[in-house]
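Before I ask anything, let me first share the structure, which is written out below as structure tokens.
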Amino acid sequence: MAKKSFRQALNEAMRQEMERDANVIVMGEDIAGGMGAKGEQDAWGDVLGASKGLLPKFGRERVYDTPISESAFIGAAAGAAINGLRPIAQLMFVDFFGVCGDQIINQMAKFRYMFGGKATTPVVIRTLFGAGLRAAGQHSQCLYPIFTHIPGLKVVIPSSPYEAKGLMIQSIRDDDPVIFFEHKAMYDDEEDVPDEPYTLPLGKARIVREGADATIVAIGRMVKFSMQAAQELEKAGIKCTVIDPRTTSPLDTDAILSGTKKTGRLVVVDEASPRCNMATDISALVAQNAFKELRAPIKMVTPPHTPVPFAPELEDIYVPSPAMIQAAVTEVVRYR
Amino acid sequence: MAKKSFRQALNEAMRQEMERDANVIVMGEDIAGGMGAKGEQDAWGDVLGASKGLLPKFGRERVYDTPISESAFIGAAAGAAINGLRPIAQLMFVDFFGVCGDQIINQMAKFRYMFGGKATTPVVIRTLFGAGLRAAGQHSQCLYPIFTHIPGLKVVIPSSPYEAKGLMIQSIRDDDPVIFFEHKAMYDDEEDVPDEPYTLPLGKARIVREGADATIVAIGRMVKFSMQAAQELEKAGIKCTVIDPRTTSPLDTDAILSGTKKTGRLVVVDEASPRCNMATDISALVAQNAFKELRAPIKMVTPPHTPVPFAPELEDIYVPSPAMIQAAVTEVVRYR
Amino acid sequence: MQLSREDLLKAYKQMRTIREFEERVHKEFATGKIPGFVHLYAGEETSAVGICMQLNGTDYISSTHRGHGHCIGKGCDVEGMMKEIFGREGGLCRGKGGSMHIADLSKGMLGANGIVGGGPPLACGAALAAKERKTGGVAVAFFGDGAFNQGTTLESMNLASVYQLPVLFVLEDNGYAETTSSEWSIGGHNPVLRARGFGIHGERVDGHDFFAVYRAAQEAVIRIRKGAGPQFIHVEFTRYYGHFEGDAMSYRPPGEVNEERKFLDCLTFFRGRVTSAGLLEGSALDKIDKEVEQQIDDAVTAAKKASPPKAKDLVTDVYKSY
Amino acid sequence: MQLSREDLLKAYKQMRTIREFEERVHKEFATGKIPGFVHLYAGEETSAVGICMQLNGTDYISSTHRGHGHCIGKGCDVEGMMKEIFGREGGLCRGKGGSMHIADLSKGMLGANGIVGGGPPLACGAALAAKERKTGGVAVAFFGDGAFNQGTTLESMNLASVYQLPVLFVLEDNGYAETTSSEWSIGGHNPVLRARGFGIHGERVDGHDFFAVYRAAQEAVIRIRKGAGPQFIHVEFTRYYGHFEGDAMSYRPPGEVNEERKFLDCLTFFRGRVTSAGLLEGSALDKIDKEVEQQIDDAVTAAKKASPPKAKDLVTDVYKSY
């Protein structure tokens, strides 16, 4: 078992599943790169290089570069999925969902229900999300609350390289449409990742750490920030439980509720815009189902209700920070 | 002051604003109808007839039938708005937002912020939403949580004909992009609506009724259902406050918080899919800011996490009913 | 193009079935027994039948909101269809989809679609799967004149062209998109040229003439199976009923539909052609008319008898596992 | 097409300004001083300048992620641009937009756009507003070869055609969309024919030759102002740098760019043409080179000196009122 980056973990997961199952294909803009060009093929292996090496290994038969026609190729992935393939299609940045949303929210998400249970749509939409790269308003959004809102979709948000590999393999094997969120600012994060294939369940939260004073539920990159906050708080004698739901749909409500009941104090950390996001979703869940056990108001830590700014000085205060999480936890713990 | 339908109220609002301001135009598929056809012009006045009569009065110069190209004409409305016009563009059913979402969430919503405050985008997107017409999975969704999630958009959801006229006129005069939701099952609802133009503020909730035992916050058609429930509950001696936020963005948090604090018991009724919706948004708001005053768990009344079914027997149990609201209120009131 | 006697009988029976199905749905809708939005295919039978007759079990079609004809053309069970339209148990989608979402994947019918332009990307995907898995399958994307201006349709034509996918794009130009005339909405007024702009060979055919549609479809599908890549057919005809049931069609000149029905009806045309040419005798066609009438009547009776879905069905079929 | 001495000097100065701006941004980016994604326009100067020289204050342009050249062509302040790219106060968007979102509505520059295909609908809207308000204004939609396959672009061409809007569609074909060649991605390989498929007259021009672009643009804009409806121009050239800063361009054959720069550079070509024809003397051009260099240098110095936005700016400018 070697240290691997988030990028390598994804790459390994896709490669191993493509080896295992000939029906798995990948599609996307520059997913290999160099299509029709006279230079190197597999030039990019997608915009951040997670697909690099798939083309030489599996060929153009299974690695499809696409024109910039998201509606057509994401819809084609859905159409191929109901007819025997298991496509992994990359929506380069989730911000682009506005040009192909229908094929995701009205087509693949609803086939099974609208067709009376007779459709199976095993497609994975890989997509980059999140702030931190100075990519400004149209390349930095989270948007997973939108997909979580839509019945028929599963929403997976890995919080580390180990999680990324196990969840990607499970997502590829899953028979429902999965939107797989990859935080662009985590691509170079490293940790020990087993070489062999393994799966992590969808709908089962991970208890990252346990502590009796407060419970933090955090998503994606915010899990890492919450762990940093928890370590700082530990020094001040405040012990936190940190829960990573791993998937927002399905959501492991039991883990969140029991984890919250143990401490009676909850902080939810969500990088998505604050309105109708996962922080509100989880807060509402707890407010309705753990009222008796709550000993302090629930605190939500989110960005402000604004687009993501370009200037580094602004983006850095836009994204929830470990310090903000620390302050929120301190507040709920102090609450009497 | 005469009884007018929801449809007539919208029609009057648009007509009066077009008379007042020559920069107001309307666009949409069959918004007048008969374009290029040899029969009657203004044949439809949009799919449910709310724009009927605008063409004869204002002509093709200001009433634009469009091809079925939502990205192009919704985007054109945005482009016209930053250049002096005040377009009212109809996205026939909000379910179709997936084919033009980018122009709404990444373009019109973000111009002002991305351009450093130098853009003003006075556009209104009218759109039909909600279940009840047996229109099945792709013509019955609410989706306003998605727009509420996006910073830069205002989201208006009238709950009656009177509200529809006042809020539409205000939306047209507002200088920010407004997504205006019209519940298709309310088009024939009637009530007294003044003939002269009037406005209702965006971001100011309406206290529909006051009662000391429980607070119901409901949206759109659910306001009507909540009032029916409240009347039934009254007979059983349970007195409810019913609050209609009118707009989900901006949201009148003060009215919701103070209204909840008075009774200590909250039921939120939302026709939208249950995950990351307005029920969770409002519950979370209250859980974070009215913890001390809450005397019972917050109850959310929503449909299940499924697409909208076609069969009447299924759709009827999909949509939250007055009975379900009544049961929820009874439960929170009984809670000790 | 030689149609055997079986082919001719099959063609007539299918077109007649679609016509009868739609006219009966029209009647039933008027009595309030059918819920929701219903879009009738009457007047456009040549397209669904002329094209689907070129297809087999390994082939696919994507459809539109006006999908009954495509279902029948691709061999969906009419009783299952009727039950679906009535929202009953035993419907093709168990009553959850209705007219706008009828589908039968086991027949390669990828679903009627409530979204204009929703189908073409799916057809591309089905074609890609067929190519990938070397089934020899072809996918047909049926779409209307209005849908021809939807970005999803246009992107799909480019994608199919770039990948040289086995897709037949069929533009069903019935003159209107709701109330809007196709002469106005299609910039350039030359769909075949537009297809060429995506590198796709196309042809325009008179949709009143089954034989014209059949011939064009046959040639196109043969080219596709030979590996010539995507093809395009522009079929022209008119719709007999309103955009959806309840539409008064005031945007059409009075009598326009009656004229069409009187002088250009595809069934009348077919009957005249085959009987005068002595290919089929009128009695054989009359026999089919009766059989079909009976079959549709049985379907309606069965649909009315069928029970509605059960409450528990509301929350099933959302996910395979959750 | 007669270009006055002023026109020629202006053309050269603007193209030189774009080139200098981009090459300087390239250098500054390498030192890590510029944040985010930066796409350089070097090599494509003829398009922004040749086309914007036909426009005036009542006209609009929509741009792309590769928008610096369009900004300069439409008269945006280079210091304000540079500050924006550095994310500083005094930037055209007060540091909130950056390279991908530079805009100056007061100049009719509707914004660079991070969404491929995001601009054409906006240009249609600006044209509609101009038509509606009878300003005589024209709107230009600049987009790339990759964007030519985006549904939003294709829909916009149809909309402009149907409404006969005063829009000039400019396909800037620099050979690649990121790593993907335009020869592959554009089905049919004939953009002008594709435009015709939407009823839009088009022309293909050699983008290395400023005069060819200028002439085509002039004719197109004159036709538009005369009310001939939308027009299309396919400009062919190559991009000199990576898709964005940091791209090694391994997908291009080694030397491809150097060849282009050596034999087909639009500035060298322009200089040769005007000096040999005795229209301008080399010294006049040298003078411009120096002025421009100084101007860009000042802009960079100013940008580096400028202070970053203040924390309070994070939450302003979301709404006019909320």
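In order of appearance the chains are A, B, C and D, and numbering begins at 1 in each one.
Heads up, the rule we're going with is that contacts are C-beta pairs under 8 Å (C-beta built on N, C-alpha and C of every residue); 3 or more make two chains touch, one makes a residue touch a chain.
On a predicted model such as this, the values are computed, not experimentally measured, just so you know.
Looking at the partners of chain A and chain C together, the chains they share are B, D.
Graph distance from chain A to chain D, where chains that touch are one step apart, equals 1. Distances between chain centres, each the mean of the C-alpha atoms, put D farthest from chain B.
Centroids of chain B and chain C (each the mean of its C-alpha atoms) stand 36 Å apart. Averaged Cα coordinates give chain C a centre that lies 45 Å from the centre of chain D. If you average the CA atoms of chain B and of chain D, the two centres end up 40 Å from each other. Annotation: 30 Å between the Cα-based centres of chain A and chain B.
Taken residue by residue, chain A touches two or more other chains at 67, 69, 71-72, 95-96, 98-99, 102-103, 106, 113-114, 136-138, 151-152, 305-307, 309-310, whereas all remaining positions touch fewer.
Within chain C, contacts with two or more other chains are made by residues 93, 95-97, 101, 113-115, 118, 149-152, 155, 158-159, 162, 184-187, 318.
Taken together, the touching pairs cover every possible pairing of the chains.
Listed in rising order, the residues of chain B touching chain C in the complex are 29-30, 33-41, 43-44, 47, 65, 67-72, 95-96, 98-99, 133-139, 304-307, 309-314, 317-318. Against chain B, the residues of chain C that register as touching in their complex are 35-37, 87-88, 93, 95-98, 100-101, 113-118, 146-147, 149-152, 176-187, 249-254, 256, 308-309, 311, 313-315, 318. Residue ranges on chain B touching chain A, taken from their complex, read 71, 95-106, 109-110, 113-114, 136-138, 145-146, 148-152, 248-249, 251, 272-273, 275-281, 283-289, 291-292, 294, 296-300, 305-307, 309-310. The touching residues of chain D, when paired with chain C in their complex, are 149-152, 154-155, 157-162, 184-190, 193-200. Those residues of chain D that touch chain B in the shared complex are 60, 62, 91-97, 101, 103-106, 110-111, 113-115, 118, 120-126, 128-130, 132-133, 139, 151-152, 155-156, 158-159, 162-163, 316-322.
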